[in-house]
Amino acid sequence: MSREKAEALARRGTVLTAVALLALAGVYLRALLFTPIERFQGPAQKIFYVHAPAAWSGLLAFAVTGLLSVLYLWLRDRKVDLVAAASAEVGLAFSVIMLTTGPIWAKPIWGTWWTWDARLTSTLFIFLLFVGYQVLRGAIADPETRARFSAVIGVLGLVLVPFIHMTVYLFRTLHPDPVVMKPGAPSLPGEMQVTLFTSLGVFTLLYLGFLAQRYALAVLRDLKDEEAGRAVS
Amino acid sequence: MPPAEPVLAAREVTRRFGHRRVLAGVSLELRPGDALLLVGPNGAGKTTLLRVLAGLLRAQGGRIERRGDVGMVSHSSMLYDALTARENLRFFARLHGGSSRQRVASLLEQMGLAGRADERVSTFSRGMTQRLAIARALLSDPEILLLDEPLTGLDDASSEQVLGVLGELRARGRALLIASHQLAELMGVVTAVGFLTQGELRAVEPIAGRDLGAITARYREVTGRG
Amino acid sequence: MGDGLRAAWAIAGKDLAIEWRTKTALVSSVAFAVLVLAVLYFARDPTAVGAVDVAPGALWVTFTFAAMIGLNRAFLLERENRALDGILLAPVSPRAVFFGKLAANLVFVGTVELVSLPLFVLFYDVPIVRGLPALLGVTAMATVAFVAVGTLLSSMVVRTRFAELMLPLLLLPFLVPPVVGAVQATARILAERPLSEVQGWLKLLAAFDIVFVTISTLLFEATLEE
């Protein structure tokens, strides 16, 4: 990708992110002022409109990284690696948001900061896999080796998460928790559904915006390195 | 009589590490009985070229054709210090599809290691390790032998022995490619000299009839340095 | 196919011969296992929690942590003198190399497990005799799972500076399904419940084994230098 194209992509990404953030502010307003308060959970439930979509974005990022990892191993195209890595970084950020908003929501609702249900546990491990991915990348100097090794982890992680989900599910069905709870997306009445789905859409846009910016940044850095390399030799 | 088919041919081979271009379109051919000496300054890409020719690194551009096995002797011995000389050779022999004790024994003999065959490689001197590494490279009787600085760190006796082996291999129709800065010592064994600098093979000149001074002068001319 | 198997066998044999000669990793792993078992025994309120209740968890934490100590040695020993290059120069498929390393790792970890098991029975006073075959079966299935992924990961991680730290960091998420399954199954076995109760877990273990041994075999080639 040429410098002009990368800068154009970065600009477009920034615009997209700005739009998404504005939309996000709109969603908050709607959630706080115009969406009814949930009967059982109270105002605290509203953080759900951030938490669930953040989890969705994290999961999306994870899937993208995983699938691009497979693609990289097949095509060995450097750009594929850069997008996968960008997605992993963005996904890491969303995972952090998800893991911090989750307990904040859970405490007033369930009475506990954390619980080991299939969904939460899977998302925790997605976070940990993202961390591992970044650490591995940071530990390898050669770009081609880095891309290959990251892709290996990406593929392994993608295959692992369903197993973790299954494991925890089995664990819980055999060890039902005494506390009655309804984790995850409950059946919501109309108003709330609209807010939720809008939020999901906004977070997806946010993911794409961040991804575009991060990828463009990676390409620009790459170009700079290439020029530096050429200057020396 | 027409020249034999090349056993090793490289065409426009390129290789990068990150953004650094290490090999920039190298082409060469080796025929049976050829012994090419590659000289060049540090960082010219000699080791990388050898690894690519051996198949340990992928050529990112260009092609490599091999007609026959490749044996390699490099900076690192590729041996297991905790095993004895004989065990090392037996292991690698098994990987090449034969567990011939005869072959292992005769190679040890040929490289003058028969007396220390059952001692661990960790006790070996640099000269002995190098000779064992050569024995390992010769296990499959390869048509092509690549050597990276084979004489470095060897005393005179070991050097002589190695040069003898190389000469013999050449006489038997094996193709040799030797990367080394020890032009003087190797001139008697090689048939041509190639000048590698900044990833480019600038020239390949036959040795025949020229002395060290002439070759060195040509080297300076081609690479622009002393 | 026969060639590949022979090569894998040779590689595994060589690894184990070298390990046997030094025995360092083996002794360290076993000592570590004993320590972990002992510490976990005391890491509870004995009036509230019986030894037999923590036993399955203690056993599997011990097995996996002791295994992680030993997993890196398989590829570290190849880096010493770049011996892996010697292996790759021979007509050996990456698949064969992986199976050879996997087999050696399985023997290593299996040995640590077999040595720790009697100590486990001793420390935790668990009734093991009747369930022994089932326990060994579950142990084998779970061990194959994490050793397969561990072998793949260690081939990448040994090239980084903090290999000892990176391997657990990357491997631990992959321990969750097999270890949870193994602990659940072990608990049932020690409680002398019928095996039908753990069918779900056994299926999970089997599925994990099949999927991850296959994937690890396929991905291994990408971890070799190119």
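Read from first to last, the chains carry the letters A, B and C; within each, the first residue is number 1.
Note that a contact is a pair of C-beta atoms (placed from the backbone, for glycine too) under 8 Å apart; a residue touches a chain by one contact, two chains touch by 3 or more.
In this text, all values refer to a predicted model and were calculated from it rather than measured experimentally.
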item: Taking each chain's C-alpha mean as its centre, the one farthest from subunit C; value: B
item: Comparison of B-C and A-B (more C-beta pairs in contact); value: B-C
item: Chain centroid nearest the full-protein CA centroid; value: C
item: Subunit A and subunit C, separation of their C-alpha mean positions in angstrom; value: 32
item: Distance from the mean Cα position of subunit B to that of subunit A, given in whole angstrom; value: 51
item: Between subunit C and subunit B, distance of the C-alpha-averaged centres to the nearest whole Å; value: 40
item: Multi-partner residues of subunit C (each touching 2 or more other chains); value: 225-226
item: Where subunit A touches two or more other chains at once, by residue number; value: 144
item: Residues on subunit B engaged by subunit C in the complex (per definition of touch); value: 54-58, 70-72, 74, 76-83, 87, 91-92, 94-97, 136, 140
item: Subunit A residues within the subunit C interface of the complex; value: 73, 125, 128-129, 131-132, 135-136, 139-140, 144-145, 148-149, 151-153, 155-157, 159-160, 163-164, 166-167, 170-171, 174
item: Contact set on subunit B toward subunit A in their complex; value: 17-21, 198-199
item: Subunit C - residues contacting subunit B, complex; value: 3, 6-7, 10-11, 14, 17-18, 21-22, 77, 80-83, 85-92, 225-226
item: Residues on subunit C engaged by subunit A in the complex (per definition of touch); value: 149, 152, 156-157, 159-162, 166, 169-170, 172-174, 176-177, 180-181, 184, 200-201, 204, 207-208, 211-212, 215, 219, 222-223, 225-226
